[in-house]
Structures are given as structure tokens and as C-alpha cells.
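Lettered A, B and C in written order, each chain numbered from 1.
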Amino acid sequence: MKGRIALAFAAAALMVFAGYAALYIAPDEKTMHAIQRIFYFHVPSAICAFVAFFVVFIANFAYLGTRQQKWDWLGVAGAEVGVACSTIVLITGPIWAHPVWGVWWTWDARLTSTFVLWLLYTAYLLLRGFLEDPQRKATFSAVFGIFAFLDVPLVYFSNRLWRTQHPQPVILGGSNSGLDPMMGKVLLISFVGVLCLMAMLIADRYRLERLRWEYEELRFRAESRAAEEGAKAPRAAAEMR
Amino acid sequence: MTTARAATILLGKELQLEFRTRELLTTTVIFALVVVVLFSFAFEPTAAESRRYGPGLLWIAFLFAGSLMLNPSFAREQANETLDALRMAPIAPFAILLGKMLANFIFLAMAEAILVPVFAVLYNVSFSGVAGRLIFVLALGTFGLVITGTVFSAISAHARMRELLLPLLLLPILTPLLIASVEATASLLVDQPELDRTWVAFLAGFDIVFLTASWLMCDYLLEE
Amino acid sequence: MDEPRSFHLPEREPAQNSAGIVFDKVEKHFGSLVALKNVSLEVGGGEFVALLGANGAGKTTLLRIAAHLMKPTSGSVTITGAMTSRSRESGNAKRFIGFVGHSTLLYDELSAEENLRLFAELYSLEDARERVANSLVACGLASRAGSLVRTFSRGMRQRMAIARALLHEPRLLLLDEPAAGLDRQGLGWFGSTLERLRNGGCTVVMSTHARNESLDLATRAVLLAGGRIERDSGRGGDPGVLLAELRSFQSAEA
């Protein structure tokens, strides 16, 4: 309990500070000016999406190995937060791209790969929705999760290879090349902030899933006890005759 | 009994079943043809455009047809719970999966054998001189499709809305395969056709990675 | 037959090639539902166990775990016996197990002969063709050998299901309500086949929740209720008492 509150406070404080830093402390970028500041949330979100999906991978592995339900809770928590982070990347990307490149979207390697990543883990979440038996849901989504994670490097690599064969219309002047040290610091703050936020969200989602599971268990027990009581009554009556 | 032998026996059973009903094959071929024709309404392909977009169209047609065709693979076993009978037999669990993968490969390959010539005719694309290499690329790509598709059909057989779920799971996973297959096929359609080694190696790598993953996780796929 | 005959079979030396099964503290949970709770049971070679209990008592779950179709949530199941001791892992022990469940486990779109041939091959049986032919003759379906199972009646399908389970001459037979749906001819064949198997030293665990002629062959009765073993007539004991109660148990349910 205390840990969660502390984490929530830390995340909130860091995010507020990071927001302030991104808007006011960070120096103005030469060519892109104000819009470039979105980079301070775009990049950390992308990194955190990967971290979240890696957590899902570990959780999937652990579930198949131990069959302990808690790994399944971690898996779904990580996947949901990962998809949320990826969504932020996919939204902030075009917002940034439009004034800078003149287009909302381009099928360059990184954007395409991120889109596929988003699709993969959205599929993971949808799969869970369509499976009813809890054990099967956990097992099958773990298998799919592992397949998805194995696919991620293949997706990025194939897109890279493809796009270098077909030069893209706009060249992404490496956003990390020659980074101003102050920008680097703001980026770091923002990264830590988003990371804390991500950890907090995963922890909370995990807790929510655990509570849901416990609730289902309690409800089931209450219902079966009620059914037993109901069945006993007529039998007792028959015995008395 | 070795896994290979058991898989062959089960392959025979799958082929027997399919040739008895023939539903799968005819539906797959017709559907793929429909897709190919529909694409022609989207744009009027000149010879140069056909060579540029052709491989993409072809592989998309295979992907869609394939993902429809893979569902019955495990769904068929549910009627009388025959999968239980297979699981109780003294054979390796992977043999069950492998038998179905091989069967699906053969079915899809047969559909492709019809589709590629039809496509060549409709879109004025010539495959002469590269037939052997084309078959090689088709085989690698189809194998990757079938490996992942069979695994996911085992998963979706137990889920609601399985016809929709299977493509939903399969297509994102297969994007690298699609890129590689299309590029490798395209490299055979240029004036100086030469099989792109990088993409072929990538395809082979994709197949190996997912075949290994399937083998490692087959127990979880088949358990009750 | 009104009253089950209670008779003592002479304590038979289990045949050298008999198989048994040991359940050790087996539990099975389906989410919150506990289907089996702390089930420990030792079935020796040559025994014929009648597994009794109402619907939902856990009989089907227990049999499916015994057939290695399901893994227990905790506890273990071991196939015992002289011939299986070397190949104790489930992979090879499967060779000695025969199972009849709620579904027929047959391919509707294959013929009777093709179905049996498939399983003969999977179990690596020698003289497959001959065995399949004999099996079809025995269960009275030889005339329909080439017909698709889809065209069979309920009784014929059940006969096929049993024939499939017996094809590889299992030493441990697990039957989940095997008489359900059998026609008169089938019942006769089934009864005499069971008797022959029992005399040959095959171990049988048969579940039922209704009165059944084959129960006369039982050497032991085990009553399951709410996932637990409530009563067990024990090895070498008299199953008659429990079996007689089956009748009153049944009418209380009605």
C-alpha cells in the first residue's frame, strides 16, 4: 500500500516536472522549434512500450513454467500498458510529423514497425477476450505472447532492410545525433518519469486483475454453497417422512 | 515410433479426409481467384505495373486464402473429440502438429499451383526462366505461413469468433514473412532476375525460428 | 436381473503382463471448481473396478486423468505393472491404455475400416489389416466396413468406439459409461468381450451412474461423491454391498 502511494507520487511529481522541463527548460530546437518538444514524450513512450512488452514476455515464460496465475496477471497488465504506450507513440508521431515533414504519416521503417507492434499486442489482448476458460486463456495467450515477442526483432529487421532498399521520401535526420546536453538531461528526466508512470500503471493493473480473480473465486464459492443448501432442503424433507 | 513416421501417418489421414470432402481446396482456390480479380478493379495494371505490384498482390492473395483455409484444420477434430484419440496414442505430441502443418502446406501449395499461372495470364507477367527459383521462394514463404497458421488454428479452435480471430492473430505476425516473400519474388521479375540471397536467408530464418518455437510449445497447445 | 449377484472371485494372481494404476493425492481444479479432492486409489493388475457416483461426482475427470488426457492440478498418476516398469513415462505407458469416453473419438468422414486402420498404424500394430478385419467381425460391423461412420446409427457408433479402444489389446481399460447408446446386440457383444478381457487379466475401471449388467463382473466398487472417494469396497473385498446400494442411490436421485 505504502509502496504504491509512494510510486504514484513519484510518477506524478516526475511527470509534472518533466512536462515543465520539456516546455520551459529545454532549449528551442533550431529547425523544428516548439513542436520538437513532443520528442520528450514520444521517445520515452517508445522505450517504455518495449520495456512493457519485455515484461509480458517474461511473464508468459514464467506462466508456462510455473502455472502460477500471478504471471498471467502480470502479462495482461504489461500488455495493456504497452499498447497504451505504443498508442501514444503512434499519436505523437504524426502530430510531430505533420508540421515537420508535411505529411501525417509515412511508411518509414520505424513507424511501420511500431504500428505492427501495436497490432501484435492488441491481438494479444483481443485473443484473451475471445477465450473463456481461464486456464486456456492464460496458456494460449502466453504461447501467442511468446510468438509475438519472437516476431518483434523480425518485424524491425525486415522493415529496416526493406526501407533501405526503397529510399523513403523524407529522411529522418537522426533525432539523437548531436544532442544538446540540456536536451539530453530533459529527455532523461522525462524518461524516468514515463518509466515510473509505466511501472505504476502495470502494478495497479496487476492488482486489479488479482482482485478480479479473487472476486470470481469468492462469488463462485458463495454460489456453490447456496446451491448445496438449496439441494439439501428437499432431501432433508424426504428423510423426515 | 518416430515423430516423422507418426506425422506421415497423420498426414495421410488429413489428405484422406480432405479428398473425401474436397471442401477446403475448392473454396481456397476460388477465394484466391476472387481476390486476384478484385485487385484488377482497383487499378488497371500495365505490364510494368504488374511486375511492380504483382508479387505483393499474389502474396496478399495467398495470405488471405491461407488464413481462411487454416481454421478447419483443428476445428475438424472437435466434432467427435478425435484430438483426444490422437493425444492418447503413443506418438509424440509434435507429430500431431507436424502432420497438420504438412497437410496444410500441401493444400496451400496446390492452390498456389493453380493461382500462379492464372495470375501470370491475367496480369501479363512472365515467370519463364525463373520457375525453379520461384517455386523455391513460394515453398519457403508458404512453409512459414503454414507453421504459424497451424499453431494459431490450434489456439483459435477453442475461441469464439474463430474465423475472425485467426487472421487477426496471424497477419500481424506474418508481416516480416510478407515483406521477405514479396521482395524475393519481385527480385525474380526484373529484367536480370537474380534470387535475392538476403531475403531468402531471412525467410529460412523465419521458418526455423517459428518451427522451433512450435516444437517447444506444442505440449501447451494440445493440452486439455 | 434384479439383484446384483454378490460373489467372490478367487483371489487371482495378476497375470504377468497386467497393468495397474495408482492415484496419489490427485487434485483437479478447473479455476474455482474443485472436481477432484485428494483422491488416492490403488488399482492392481486384474481388478475390475466399478466407479460409481452421481453426475458431476468426478468420475469422468478421474478417468480422463488416468487416460493421460488431462494433467492433475497436484498429485500424481502412475501406470504400474511388470511390462510398463521399464517404460514408465506416459509416452510408452499409453500403449497399454484403452479409453472409451463420452464422444466416439472417430472420424465421421472416414469409413469404419479406415478409422480402425489409422489407429492400428498409430499404435504400430503388426498384421494391421487382419486385426482390423477381426475387430469388425467381432463387433458385428463387418458388413459396413466400407461405410462412412457418419452413416452409422448411435448403437453402431458406440460399438465402433469400443472396438477402437480395444484394437491394440490394452492391459488397462478405462471406460466412461461405455454402455450408453448401445443397442441390444451391442450390449451382448460388449458384455461377453468384457468378461473375456477380465478373464485374460486385463484391468478395468468402468464408470457408471446407472444399473448395468456388466457390473456383475466387478471385483471392487468405488463410490465418488463431490470429488472425493466416499466408499471403497477395497481390493479383495465384496463389491456387492455397494452395488446393491446403487439402486437405492439411483431412486433417491429420481
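We adopt the following convention: contacts are C-beta pairs under 8 Å (C-beta built on N, C-alpha and C of every residue); 3 or more make two chains touch, one makes a residue touch a chain.
Keep in mind it's a predicted model, so treat the numbers as computed, not measured.
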Result of counting contacting C-beta pairs for A-B and A-C, higher pair: A-B
Core chain by centroid distance, with centroids computed from Cα atoms only: B
Euclidean distance of C-alpha centroids - subunit B vs subunit C, Å: 40
Geometric centre distance via CA averages, subunit C-subunit A, whole Å: 49
Interchain centroid distance [CA atoms averaged], subunit A/subunit B, Å: 31
Shared-contact residues (touching 2 or more other chains) in subunit B: 223
Junction residues of subunit C - those touching two or more other chains: none
Set of subunit A residues in contact with two or more other chains: 133
Partner subunit B, residues of subunit A touching it in the complex: 64, 116, 119-120, 123, 126-127, 130-133, 136, 139-140, 142-144, 146-148, 150-151, 154-155, 157-159, 161-162, 165
Subunit B residues within the subunit C interface of the complex: 1, 6, 9-10, 13, 16-17, 20-21, 79-82, 84-92, 223-224
Subunit C partner contacts - residues on subunit A that touch it in the complex: 133-135, 216-217, 220-221, 224, 235, 238
Subunit B residues touching subunit A - in the complex, by the definition given at the top: 148, 151-152, 155, 158-162, 165, 168-169, 172-173, 175-176, 179-180, 183, 198-199, 202, 205-206, 209-210, 213, 217, 220-221, 223
Interface residues, subunit C side, partner subunit B - complex: 64, 67-71, 91-92, 94-95, 97, 99, 101-110, 114, 118-119, 121-124, 164
